[in-house]
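Sharing a structure here in structure tokens format.
Chain nomenclature is as follows: A, B, C, D, E and F, assigned in order of appearance, with residue numbering initiated at 1 for each chain independently.
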């Protein structure tokens, strides 16, 4: 019923919440909300809410990059946030989301990982980004990617003393040099729309998530949904995403 | 267990509180719109969010109880909520806490009114600075009210303990780790009925009785805030 | 049916097995029954039967207590012991029981863990207490705590040779200096009863488990069951437990 | 991510291929007689086998969808398929790939024709020398055809990417590990509809558009082979 | 596998037994009152307890067999049963032994008499000094009898092997670890039918045949004790 | 239906596929098919197909055999190969098969494990044999044991450089000195048959798997199936297996 109504509206070029097709819901960003974390952020896009926390810990580098820090991105779709989420180990949607966020950060070279070495081949900083969904009203991926980025931007590296981490005392900021923004574009009839709500996501089966760097380069793509896209769709979606990424990036302090 | 000497200096605690003083309390309902009810609760830096899904049909069917509703609870800490990252997923502590939180809430509900159904209560700790399970119970109780689920009474909860020889309320993580004893407590305040009681440490019978009274008094303070928040909610609605 | 009968009797101040409300079933303690373990005991309370075994192994101490041994308590509710127990990882009841037993031992300072250091910050003894339920006819917690304590009391520390453990040869006794006793008290109408049978447990929803040390201090409390208690109930239950703990402690050699 | 300089020498790749040249393709149907359909697909040293079981009844019953058929996919790598032994069981990568493979296949099927049922597609990678997921999709698409399951079109898939500044098709493991960008792509060739698109790396919009066209052209080559194999199969049957 | 030289000295084994001598056997039924049937069995220091639950209804329902009863077995070792603490939960060895124990018991039961039901047999090893699986089978067989479940025959089991060149019966853990071959064996004694046979080691055909006969003879001794215990049980009942 | 027919034929001394009772289906062996593996083989017995791959990696030896390499055999019954196999961790049939293959290799002393030491008590070669079922048309065990043996026979030990494994460059062959062959014999009425097809396995509940070494010694036995055997059956089955093992062994290069 509600789905049919949403669909009919879209076919008339309208959205249930009156937004334009290229308009995000209100985006609110809060920083540093978790004092126990080395970095954190809460992002609300409309009623969707995501908290990301960054913890730093010692790690052993990979043999083929002995001086590079490690990045680990994890997402929990806790059953708190939606009746559709279940307890238990991360399902395929949570795993996919974490991996897309990970690729956006990693492939954009957003963190200077080579500046996170403590002892070559022995000890480096591991950067754990944990994404916690608080409320699921659609477009979790863009919200999660944004919360993760903002959390990284305010992350501080703890001081060391006798090889121990002094939690709560900090040495320097995490070196973050790019701001990759993820924009998910949906195909809706012959049009494209951004920031789908939960109800829109249910009926729009052809989506493309595009991660765009400050220099307008694309650093990750993921087609989502169970419907197909044409080459022309994809080209247009990338254009929309590049354009939209500038606006979202400008919201970051 | 080692205890640090100086958790009380000049009659005050390290964060400046008097022994019987709670931290700043913050409560809010309706924080998770996809749930039937939800609430956030803070004791100082401790942040708990609870949401309630249900009453709803229970699957697979062979788990259904023909005479009553299944109450299920899950207590979970976010990986970034503590100093050393907690790896995701349940550990033994959270399994136990999920159980005692369920039992702390069960006496206030009329589960027999929803046969074959389940009510699911999820508690997430976003930041852990002591007293997380009692913050979770306070949030859960508000979330049940927010969901409009009939209750005999709210459930109010707090922690008390003994640090540096002094009986105190609402322990921080630092106080908890260095306490001589700590006690988690929940009650139905208007009925004066206790539904959660866990203690570890070393106490004489007399100390224990004093702590229980302190816990009861503190729960009554929590209760006042809970009622105020719910009143405001209904005011908003009208 | 049976439950109704049990309940009616209790309301008349009687128990199905004719015990007084403050009376335990027959308690039988056997020591050293498992030769492969460094310590062991079997406890029967009526038909309830629990075996506890203690194994010692090397452990790495926690950074903040570099000279202290480690204590690990684990309980298995094997499906052997009751049609209510299921195969698989420990459920919430088994986890809770193990954690209550652990707290009683740990908080009472029953074991002198600081005497279990082998090499500071490097190697200490880990004391594994494994609780195996053989038959479940009620009051598993008191039986498990008692079996664990007796097993610890007869535990011997193995000899070391070239940093290897010589199983079967021993150096000294495990240093155990207190005898914490766990007593579970149930509310039954206006009265209190101890050592509930399986049938009584099913109908009595308000219980308090109290762990009492030799000096009558309380070292752990856990309210159990889905019914509430008043402050007066709790005070009386603690009195009963302190009293009863002396009697049970006197059964230990 | 480090990139090796010399992946292209004198306009040729380390295995002698031209940038836009696919490796030798090998395809075969009916390799698993206990399945309803099956196929093997090789891009050079990469070996994928897919089998299809179903449509068949789905248990437990509460998972059944009354209006449609559940499509399930599992992508799995044999422990010996890679240089460092992969320990058995799903990891995060294979969980994601299982999902995107399912979504790459779903648009070609008429799932609503088999309500309450399930179609299970299993993809095993016996040897992994790059392009495993697209090899798996090609094999799965042939296996669905081999099972006689109605399809709107075959699904053809390939990888493309940018190595040492050059746009190339069908990346080996070595090329993939040292690429500036790699892109996995699947389409319904006769309908020109894309059903899989994943990219990581750094690309300008222009490079990306060129790569997409390269991917489309390569899929059409794969498609020709797929059709040939199926024709031979039916010839054998007649 | 290394073998110690001196497991036999002056024709006797390290614990003083003759090669063909069983350790002291102890058996007892009714040790687990909450089960439908149960028994304890000792070969010297090896202690096995078995309990039987069922026949009882099987859930979830889609696992039920409409023509027969599902027999399920679980073999488990207590963490303290061995020298180095065994971490709880099933390992590959216990998964295999659970299966072979089930198959050793199945031929003696009339499973088709209890369609849709399950019989669950649980075997716990409290102390492991060799021959644990055969001790478990003996205990399980008595537990089935104790539960009043109709059986074609009891199942009697024992181990045999070759140590220091000599064929022996009922191996200890020490003998097993240093054996040239060991063999686990179970039979329905009055029907002379073998239901368990596992061997590892190196044996000529002739040695193997001798060992099998030794195993058969030893099982008959075990059987005598089993029958005696059951007779006493029924005497008690009368 | 099909089962009844299969059974009736067998009672008449015939098999559905016209083979003699002591006749294997066509056995095809392919070697070195997986270039990423240090050793590999594919074995087809009729339509049953199994691939085995051998990977070598560093391992830490057991304290009581500090100079011996390690052997780890693992089998995956992937749901690809049969509608009867399920996703998830190895079930009891896969575990049992892997353990029987392991015992045949281990007990026959087929690999000279003492020649796989790199640094005594510190580092040895671990030999991982992974069995992957491709198609299940009966007699998986004999096919798996044969594929594993052939894979071991063509396994090469990688070169080391600075304590790192140089994948793809080799130092020497894995020292394999025996060729243990596993033969599963089924009881069919009063006769015995070998190499049961999938359909035959379903109806023949009394089987014995016999592993035979080049010197005709038996190195592992496992009774399988839910039917019983007599002592005479077993003796005859072992005779059949010893005889048949010579024929299968002769198929190996």
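Just so it is clear, a residue touches a chain if its C-beta (ideal position, glycine included) is under 8 Å from a C-beta of that chain, and two chains touch if they have at least 3 such contacts.
No experiment lies behind these values; they were computed from the predicted model shown.
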If a chain touches subunit C and subunit F alike, it appears here: E
Chains touching both subunit D and subunit E: B, F
Contact-pair overlap exceeding half with C-E, pair selected from E-F, A-B or B-C: A-B
Separation of mean Cα positions, subunit F and subunit D [Å, integer]: 31
Rounded Å distance between subunit A and subunit E, as computed from the means of their C-alpha atoms: 57
In subunit C, residues with contacts to at least two other chains: none
In subunit D, residues with contacts to at least two other chains: 60
Inter-chain touch pairs (all): A-B, A-D, B-C, B-D, B-E, C-E, D-E, D-F, E-F
Touch list for subunit D against partner subunit E, complex: 59-61
Subunit E residues touching subunit F - in the complex, by the definition given at the top: 1-2, 92-93, 95-96, 98-100, 103, 106-107, 183, 187-188, 191-205, 208-209, 212-213, 216
Residues of subunit F defined as touching subunit D within the complex: 34-37, 40, 47, 49, 51, 53-55, 57, 74, 76, 78-83, 87, 89-90, 128, 130, 132, 134-137, 167, 198
Of all residues in subunit E, those that touch subunit D in their complex: 60, 62
Of all residues in subunit E, those that touch subunit C in their complex: 31-35, 38, 45, 47, 49-51, 53, 56, 74, 76, 78-85, 88-89, 120, 122-124, 126-129
